[in-house]
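Just so it is clear, A, B, C and D label the chains in written order, and each chain counts residues from 1 on its own.
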Amino acid sequence: MSAIERLTPERAKAATGYFARLARWNVYEILFWLALAGMYFVPNVDLVLMSQIFIWGLFAMSLDILLGYRGIPSLGHAAFFGVGAYVAGYCGKFGWTEPISALVLAMAIAAVVGWLTGKLVQRVTGVGLLMVTLGLNLILYDLVHRSTDVTGGDDGMQGIVIAPVLGLFRFDIFGRTAFWYALIIAFILFVIARAVVKSPFGLALVGARENPRRMIMLGAPVEGDVSRAFALGAALAGAAGALLTQTTQFVSPNTLSFQRSADVLVILIIGGTGRLYGGFIGALVFLILRDWLAAISPVYWYFWIGLLLVVVVSFFRKGLLPSLETLLNRWKPSKADGPTA
Amino acid sequence: MKIAMKIAASLLVATSAAVLSGFGASAQETVKIGILQSYSGITSLGGQQTDSTVKLFMQKYGDTAGGKKIELVRRDTTGPNPEVAKRLVQEVVTREKVQVLIGPDYTPNTLAAAPILMEAKVPSFVTGAATTGIVGEKSKYSTRTFFAVPQLCKPLAAYAVKNGWKRVFVAVADFAPGHDCEKYFIEALKDASGTLAGNLRIPVANPEFSGYMQRIRDAKADALFIFMPIGELSIGILRAVNDSGLKASGIKIMGTGDITDETYIDAVGDAALGTITTGIYSTQHDSALNKEFVKDYVALNGAKPRIGWGAIATWDAMRMTYDALNAQAGAKFDPDKFAAFIHGRTFESPRGPITIDKANGDIVQNIYIRRVDKVNGVLQNVEIESFKDVGFK
Amino acid sequence: MSSILTVLFNGVAYGFLLFIMSVGLSVTLGMMNFVNLAQASFSMFGGYVKVTAMQSFGVPFLASLPIVFIVIGALSIVVERLIFRHFYNTDDLTQVLLTIGLVFMSIAIATYAWGGTYQRIDMPSWLTGQRDVLGLTLETYRIFLIAIGAAMAIILVLGLERTQLGAMVRACVDNRRVAGACGLNTELIFALTFAIGGGLAGLGGALSANLLGLDPNFPLRYLVYLLIIVSVGGMGTISGTLIAGLALGIADVMGKYYFPQFGGFVIYVLTVACMLWRPHGLLGRQT
Amino acid sequence: MSDMVLETRDLHMAFGGLVIFNCMNFALRRGERHAIIGPNGAGKTTFVSLVTGLLKPKSGNVFFDGRIVTNDTPQQRVKAGMVRTFQINSLFKALNPLESVVLALLERDGKARLSLRSVSAETKLIDEAMALLTQFDLARDAYGLTEALPYGKQRLLEIVLAVALQPKLLLLDEPAAGLSTQQGHEVFSQLAHLSKDTAILFIEHDMNLVFRYADVVSVFAAGALVMQDTPENVRRSPRVREVYLGN
């Protein structure tokens, strides 16, 4: 056996450097966001579609916190989206028309709902978890859908007024304000989510995803962390919901539907989990293709979307983004191995 | 040679005249009509019917109106999905520069799109949404060619009481239109001095009716009034009413025409026989205009899928679009004049006479009481009585 | 009193219907540990095969059922050989995504082949109407459902849970290599299990289409119910699926009769409560 | 304060009808290196799970550091200073050894809570993690994939994760399982360097390791404590031989 080595200062510095490098922005990330912003200047681009892509991307990213980082597959994530959407709707209906503060309120309430959900399900795993989240989603949908007097029910909520952003930019029919508002909010929340997953909490989430039993034996509050992850994921999903309400000035039970829960899962898995960007990539691919397919083949676009899913899982098992990374790494094999946390 | 010269010269004159008067390079201006219906999945029949009707109309009346060439822009709302519908409306209005819109379908889609159409001044036709008050002051460019919920729900109360079915049980789908209909029907029932034997709200995702059937049976009513959305819920409840023996027990089954819609009444089968419904249109309607419409429609699109209300709503929307464009022939398209021309109009439609309310753009029309009968071996809604010029409130 | 008994009877019949619809999924998900949401599509195709056999070829109702089982079973084998077998070792979410993709494709295929509207379904006259049994007036078709559901339950519990075949399937799923080394033909056993699961799903569609309506959207509309029944019952147990189907069926019908104001809530609330209480289902192994 | 760090009194445990322990009384001194041996099925792992709280006893009590912890959650026991490793490696596949150890330290200090600060801000803990890895000869592997580590190194990492928590009592379930004799000795010699504040309770089959590194040996058989004595006495005991070889 070798003699016991001493910790050298270089080694300690390298270790800190390693974590610092993980947290640092790389050039691809910056390019990605610049490209999204640059979409505005592409001639004849569908700005409204782009704003909805940002919203779906943010929504899928919020699920990534739970699924990608903590390994909790939620089949009812639209519940949080819907809570945010309805809170923003009520704000706009009852005179709180300023969008940014309403968005923050929507996030806060969605976070509370998420935290409570986390409390409820923190001991449940696997199929039980899927079915509980699905069931809660269906119950909430049913409640909103039936309570016509309170929510407007199936017809949607009428009379939502959203004031211009910062008092300057009203939501125009060309979707210009919607584009920038959705992009900037999504970006700010992405930066926050990114910081969280690179923080000690993010490391703890991945640890619990990889090996919950070991985390317990490290004394980690894994159950509390489930609630916190749910609160965070729900807050971000709520923000996405509020963005949708504010950019469309409308909210209907559709925001809470199981279909939406399934779609967001599909989007995230297409893009790739555990990277935060997967949701945005998935939303870009899924929504643009769906819009395009629905335009060229209105009756049978389901077939092509289905085929897309089959192709993605057949040839890009872990989603598009990880496959892309593998490809990039093949070009430059010198890249230091780093985990995804 | 001379003729060719003449043609060339006149073309030149016409072109320069057009350029000078600011019409653009083309002699013939185009009008873009957006068609926003659902083409996918369960709701695809709506889009299919709209397309068939538009095709028929343009085959019959040509692709120009008021000297303007009609160009269609189609989009799929994918069903009641306001997020998509509103985006598509924005898209066709801002990028495709659509000037007239047929759709979007469904109440939430219509409500979500209304502010855009108002701001962009795009006249639109509501061909598939029935909630009250969705046309009117908030969307003065909108015109409804479909129906409003009270139109169908109220007359049946008076009809039932008149026929001696005084105790009525009310079963509606548990969602906003159902709640509306329940309210209107019960009000009308009280006005007609009938009594409510009980009421039920049935969830919209519901494969099992037997518990409800037993409850209705226990109430010992004279008649059962049903309001269900188009689709499996209507099929399910009519079959349940039949299979459970409720119908055989002598209770009268009635409802709004959605439950016996021609597009799927064959799937209900003989269980539908004898059902009394209110409707705005039946292919059995006895008029020359209707007979011609049905004959032409079947000749062009085939007998299946059968003609439903969406077809007639689209047909009348096309009719008014052409009339309004003809009225402003030779002038630049003016949405205000377009809407003003339509609002307040009365004309004969294949369904019977209709009037578009001047102030609201909503529809006033005859409501027919129909009974499901077999006509030449096919289940049909046969009109047995009519209420004239029923309002939309 | 008679109305309570009638309601109870209807609940039991509905429970058997839920069982018949979901047992196919129970076989593939429970025994093969493969999340095959496309079972709902197999159900739909089962319905269409029945309708086509009866209307276009004049096959009687009872005779159409074995045809459905065979045709859909064969279809399952084809799909299993072509697609599913490449996904045995992937995680649940990948299987979900794959099979939901197949569901979407099946919807478009059904629309293309049979049109977008609801199918006309004619039942033979001996299965319609009501019959008087012990002083109660009961729906004939529901009596039939209970009989056929009970027969299926007995055959499956005895045939799959308590026999060599069931043990072999479980052995193959638990450890393919060891099972192979013991002389079991894992490929064949997997394909057969899929055929049985698919055939059962097809039967479920054929038997329920007249009550539930049959159109291309069938799989998406009833998928949630299938998932609920199978997970509440517990993975890998056919008797669990039966118990869950009966419990939820009775609760649903009773709930609608006694507390109609709660609407469709009952089934969802029960599901959530049950999964919180026993996350692996009523009869599932709680680990 | 008692000088026993761990005691169990009248511990009773059964799975279904199968009784695992009836009346298990056990004690362990501070700083002691204590081995549990016994044939398969003697209840050794079950005992560790009962002590650490992964299982709940039917009756009886567990005392840790002079306090009843029978109803404490595993996390509370860890926080109180009772840490275990698993018989089968139980590591974080997607994290490299450095991240794993940093995570353990963050959890020890309760610093893994919601925040926006990058892990790299915790320089002290990172240094400590690196020091631990260095001490256990894992520094060279700090950035590699945990999965790709040779088995012996994974075993060491398993122990580092436990040691990182600075436990008062370290429970090791067959730390040398799957290791060569030489690797086993390496693991135990590392453990021997640990401070005397840490008591070690280990289950081990390799008698060479047991007799070389343990201060006290307990012999379990069929759910009962057959003998508890010094390694020499245990080695000589005919009863122990009987336990292993049967009658």
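Simple rule for what comes next: a residue touches a chain if its C-beta (ideal position, glycine included) is under 8 Å from a C-beta of that chain, and two chains touch if they have at least 3 such contacts.
A quick note: this is a predicted structure, and the numbers were derived from the prediction, not measured.
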Chain whose Cα centroid lies at the greatest distance from that of subunit C: D
Closest chain to global C-alpha mean, per-chain Cα centroids: A
Chain pair whose interface holds the most contacting C-beta pairs: A-D
Whole-Å separation of chain centres (CA-atom averages), subunit A against subunit C: 34
Distance from subunit D to subunit B - Cα centre to Cα centre, in angstrom: 74
Subunit C-subunit D separation of Cα centroids, rounded to whole Å: 48
Separation of subunit B from subunit C, taking each centre as the mean of its C-alpha atoms, in whole Å: 38
Touching two or more other chains - residue numbers and ranges from subunit C: 107, 111, 116, 263-264
Contacts with two or more other chains, residues of subunit B listed in rising order: 41, 44, 48, 174, 201, 203
Chain-level touch network, classified as line, ring, star, complete or other: other
Contact pairs between chains, per stated definition: A-B, A-C, A-D, B-C
Parts of subunit A lying in touch with subunit C, wherever the complex brings them together: 67, 73, 120-121, 123-132, 134-136, 138-139, 142, 146, 258, 262, 265-266, 269-270, 299-310, 312-314, 317
Subunit A-facing residues of subunit B, complex: 39-41, 44, 47-48, 74-76, 78, 80-83, 86-87, 90-91, 93-95, 107-108, 111-112, 115-116, 119-120, 131, 174-177, 179, 201, 203-204
Contact footprint of subunit B on subunit C as seen in their complex: 3, 6-7, 10-11, 13-14, 17, 107, 111, 115-122, 128-130, 137, 139, 141-142, 210-217, 220-222, 225, 249, 252-257, 260-261, 263-264
Sites on subunit A touched by subunit B in the complex: 44, 46, 48-49, 52, 142, 145-146, 148-149, 152-156, 158, 173-175, 244, 248-250, 252, 254-255, 294-295, 298-299, 301-302
For the subunit C and subunit A complex, residues of the former touching the latter: 83, 86-87, 90, 92-94, 96-98, 100-109, 111-112, 116, 224, 227-228, 231-232, 235, 263-265, 268-269, 271-272, 275-276, 278-281
